[in-house]
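Below is the structure I would like to discuss, written out as C-alpha cells.
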Amino acid sequence: MAYNSADIAAFKNVWVFCEQRQGKMMPTTFELISEGRKLADELGVELCGILLGDDVDGIAAELGGYGADRVYVYNSPLLKNYTTDAYTKVIVDAVEEFKPEIMIYGASHIGRDLAPRCAARLHTGLCADCTHLDVDLNGYIEFLRTGSNVDVDNTNFETKMFDVNTNLKMTRPAFGGHLMATIVCPRFRPAMATVRPGVMKRRPFDEEGVKKVEIVHPDFELTEADIKTEVVEVVKAAKKLVDLIGAEYIVSVGRGIAKDVDGGIALAEELAEVLGGVVGASRAVVDAGWMTADHQVGQTGKTVHPKVYIALGISGAIQHKAGMQESEYIIAINKDENAPMFEIANYGIVGDLFKVVPLLIQSIKDAKAEA
Amino acid sequence: MILDKKHAMQQKLFRQFAETEFTKELQEELDTTGAFNWDIHNKMAKYGFMGVKIPTEYGGAGGDYLSYVIMDEELARQNLVLSIYANTSNSLGGGPLLLAGSEEQKKEYLPPVAKGEKILVFGLTEPGAGSDAGGTTTTAIPTADGEGFVINGRKCFISGAPMADWIIIFAKTDLKQKGSRGISMFIVDMHLPGVSLGADEKKMGIKGYPTSDVVFEDVVVGKECLIGPLNKGFQYAMKTLDGGRLGVAAMSVGVAQCALDEAVKYAKERKQFGRRIADFQGISFMIAEMAADVEAARQMTYHAAILKDANDPEAGVACSKAKFFAAEAANRCAYKAVQIHGGYGYIQEYKVERLYRDARILSIFEGTTQIQQLVIANSLLK
Amino acid sequence: MKIMVTVKQVPDTSGKVAVNEDGTLNRASMQTIINPDDLNAVEEALTLKDEYGCKVVAFTMGPMQAEPMLRELLAMGVDETVLISARQFGGSDTYATSQIIAAAIDTYGIDDDDIIIAGRQAIDGDTAQVGPQIAEKLHLPQVTYAGEVKKEGNTLTIKRMLEDGYMTVKVDTPCMITCIKELNEPRYMNFRGTIECWEKPLTIMDYDALKDHELIDATTIGLKGSPTNIYKSFAPPVKEPGMMLEGSGKETTDKLAHILTGKHII
C-alpha cells in the first residue's frame, strides 16, 4: 500500500533526529532525547533516535542514557557531511518505512534546513523553533497556568476538530516573542517540530539505558546521483565560541556601555569571572560590532536560562527579553529607572554600571568570603 | 498636505538614508574637522541625490521641485550641512545652466554634476556686493581677438569653493552700464591659471562644507564660457536665487523639525521636581509653538514648490515668503529646543547645541530675512 | 539567466506590538515593512544583476496592500514583480504557502541558469521553512544560511554558515539559496527609481492564474489545505515585579550580594 501521511492510525512512536557533526553528537540531541522521552511516556510508546553519519555507531548508545529505547543508525560515506539531499532522502525513506507519529529535530542551521524539506516531501506539518511540547492535555494546561496570561480554569480546551489528548501541542514564540502560539498537526503524521537549542532540559544520565538501548541498522539506498550539492570543505570557527547555553551565570552588556565600550566589557568579564560565568550581549552591542555574534542573547541570538542573568545597561527590548526571561534570577543594573528590564528583574539597581559593577564585584567577593 | 504615492516614496527614501547614513560619528566629525566628507558625497551621488531636479536628458533624475524640497527637508532634519551637500547641484550650481545655458553647455556640464562626479558652485557675493549684488566689481573684459574674456576680481563666502571643479560667476562686462546692468554670467574652470582660493572661513555652523573666497587674476576664458546673453546675466542670478530660496526654506523646515524632535524627546526624559519636564506648561507650550511653526513652514514651502512646478507667476514671491517664514521659524525652534534642554543644550554632547549654530545661517544665506521681506513687500506695494 | 527573489511584507515587530484581548496580534495598529532578511536576498539578486546584467523578478504572496512594497523593490532596481494574491490562498501555513509560491514561480518559468533567492526567515513567524519547502516542491537543490555567494558559469560556490563555523558548498543552477543578513548590505531605493518604478511591470497572479498548476489543489492550499493549525495563541506571562534596591552605593551592592548568597543563588 502506498505511503499515506493522512492514515494517522498507521503511525506510532516518537522519533528524534540525532544531529552529529564530524562524528560528535550535538549537545542539543541529548535535550531532544530527554524531551522525546517525556512525549513517548505520555503516549505510552517507544522513543527512537535516528542517527545519520559515516561510522557513527560509537556515539549511538549514549542516547540510551537519556531515554532512547532504540536508535536507527544509517552509516555511509555519503552521509559523512550533512547535505540536504542525502539526509532528506534517507530520513524520508525511513519515515515511510517505520511511520513514527512524532518527529523532532534541533532548530540548528542543519535541523532548520532538513526538517522543512522532509515535511514538504512527506506531506505533513512542521512547527519551527518550538520552546514547549506537550501531548498530555493536563500537562499543557499546567504549562499555560504559569507560562501564559490564559485564564486556564475558564478556557475550553476541547475541540471537535481533533483529539486534544493525543495530538502533539507545539508551542513557540511568534512576532519576535510578543505572542506565543500553540500549533497542532491533526490530520497528518508525523507531527514534526524543530526545537530551539537550550530550551529543553537534559535528563540525568542513566547508565542502565546505555546497556538497554537497541541499535538497529536498517537497509537503505543512497547513491551519489541523489546528491545535487557538493561539500567542498567544513571549517570550524577558529575562535572558541562562548557557550551561553550551558552557562549557569551570564553577565550581559547592552548599549549602556557605549561611553566606554572596552571598559564596560572588561567589567562584565570581571563580574562573570567572579561568578564563574560567561559574558553575553544585547543585539545592539553585536550590531555595533563591539562583541561577536556568538555572545548575542535574544530573539535573533540565543535563548538562555541560566541560574542568574545580570543585565548591565540593557534597556530590555522585547526581542532581548525573549531570549532570557526564563532565567531563574534576573538582576538589572541600568541608569534609566524606566528601563523595561526592571519589569522582569528580580532585583534592580538604578545607577551607572561603571560605578555600580566594581562595587558589586567587591561585595560578591566579600560575601563569598564570609559564607 | 497629503503627498502622492511617488513623493511619499521619495520621502521614505530620503528619511531612511539620512537616519541610517548620517551617523552621530559622521556629524561630529564634520562639525569638529570642518572638512568635506567625500564618502558621504559619493554615497548620495550613487543614489541620484545630486541630480534630483536635473532633467534626465542631462543625466539627472528628472524630479520636480516638490521632490527637491522633500529631499532638502529630510536630509536637514538629520543634518543641515549634509543637506547642503545634495542641494548645491540641484539649486545654485545647476540652476543657472538650466535657465540660460545653451544645449551644448548643458550637455557638457550638467551630466557630471548630476552624477556627483564634478562639483559646481555659485559665485555671486563679493566683499562689497552682498544683498546689493548690483555692486559687483569683478570684471570680464573681452580679449583683443574677441574670442574670450579676461576675468579679474574676488568672490567671497563661496560655499564649496575648495572642492569645486567649476564656478558660476557674475562679472561686469560693460563697465559703462550702472547697477545690475552690464553684468554677464560665466562658468569658469577652477583649475585655470589665475584662479586661487582664499583661506577656509571659520564659520559659526554648517561646518563640513568648506567656504572660502575665490580670487580671479587675469583669468582667460573662452567665449563658450559665457552663459546666456552678454550684459544681461543678472536676471539669471535673481531667478536662480528664487529656486535657491526654496531649498533654504526646505532645509529650515528640516532644522525646525529636528529641533522639535529633540525637544520632545528630552522633555519626556528629563525629570525635575519629581516629574518629567514635559508635564510643565512652560515647556509644553513651547513645544506646541514649535510644532505649529514647523507645520506652517512646511506647508508654505511645499506650496511654493507646487507653484514652481506649475510655473505659476506667484512662485517667486511664494519662495521668498516660505524662506522668510521657515528660516525664522527654524531659529525660533532652535532657540526653544536649547531652552528646553537648559544647561545641557549649551554643551556639545547634545545635538541642539549644533542645531542652534547651524540654524543661524538659514536667515542669512541666499537672501537675508530682510531681503525676503523687501521682495514680499515690493510685490504688494509696487 | 534571471534571478527570482521571494519577499514578504511583515508587521514591524521591532517597535511596540499591540496584542488583542484574545491573544491575537493587532495587525491594524502596526506598520508593515519588507522582511529584513528578504532585503538581503534582493540585494544579492541586484548585485548579480549589476555583474551579469540579468533580470531580477520579485515574488510575494499577500493581500493587494503589498503593492507599495513591490514598488519599492522596483525603485531599488528589481525589473519585475509578481503579486500572488487570492482569497483562496489566505490562511496558508508554510507548507501551503510554499506550494503556492512554487506554483507561481514554475508558472513564470524556470530556466537552467536561473537562481531563486529567499531571505533566511521572516520576522513575523521566524520559521525559515518556506524557502526550503519551495525548493522541495520545485525539486531544486537548496543552500540555506548563505553567507557568501560566488558564481562561475552555472556553478555557485556558497559559504553556508553554521553555528560553529561554515561549510563551503557547490551547487549548479537552477537552485534555491536562502541568505543571512551578514551576506550583504541592502541598498536603498534609487531616487530615479522612485520615478521610474511606477511604469515597471507588476503582475498579479490570482487563483485563476494558478488553479491549473499541479501543485494547486483545494486540499493543499489555504487554511483548509494547511497541515498545521493554530490551537491556542496567547501573550507570554507578565512577571511579578521584582525588588528595586535603594541607592547605588556599596551598601546597596552589599545588600544584593548578601541576598544572593543567603538564598544560595551564588
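Letters A, B and C mark the chains as written, and numbering starts fresh at 1 in each.
Everything below uses one rule, namely that a contact is a pair of C-beta atoms (placed from the backbone, for glycine too) under 8 Å apart; a residue touches a chain by one contact, two chains touch by 3 or more.
Every value quoted in this text rests on a predicted model; they were computed, and no experiment measured them.
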Report summary line: Shared touch partners for subunit A + subunit C come out as none
Query raised in the report: When the mean CA coordinate of each chain is compared with the mean CA coordinate of the whole protein, which chain is closest?
Result: C
Report summary line: Maximum distance between Cα centroids and subunit C occurs for chain B
**Report entry** Rounded Å distance, subunit A centre to subunit C centre (Cα mean)
**Finding:** 22
Report summary line: Here the gap between subunit A and subunit B, centre to centre from mean Cα coordinates and rounded to Å, is 56
Report task. Take the average of all CA coordinates in subunit B, do the same for subunit C, and state the distance between these two points in whole angstrom. Result -> 41
Query raised in the report: Which subunit C residues sit where two or more other chains touch them?
Result: none
**Report entry** Contact footprint of subunit A on subunit C as seen in their complex
**Finding:** 11, 13-14, 17, 19, 23-25, 93-95, 98, 123-133, 135-137, 141-145, 157, 160-172, 175, 226-239, 241-245, 247-250, 252-254, 256-261, 265-266
**Report entry** In the complex with subunit C, residue positions of subunit A that touch it
**Finding:** 21, 81-82, 84-85, 88, 108-110, 112-113, 115-117, 119-121, 123-129, 144, 146-150, 159, 161, 164, 169, 173-188, 228-237, 241, 249, 275, 299, 307-308, 317-319, 325, 328-331, 342-352, 355-356, 359-360, 362-364, 366-368, 370-371
Report summary line: subunit B residues touching subunit C in their complex are 5-6, 9-10, 12-13, 16-17, 47-49, 51-52, 56, 61-63, 67, 71
**Report entry** Contact set on subunit C toward subunit B in their complex
**Finding:** 68, 71-72, 75, 187-195, 197-198
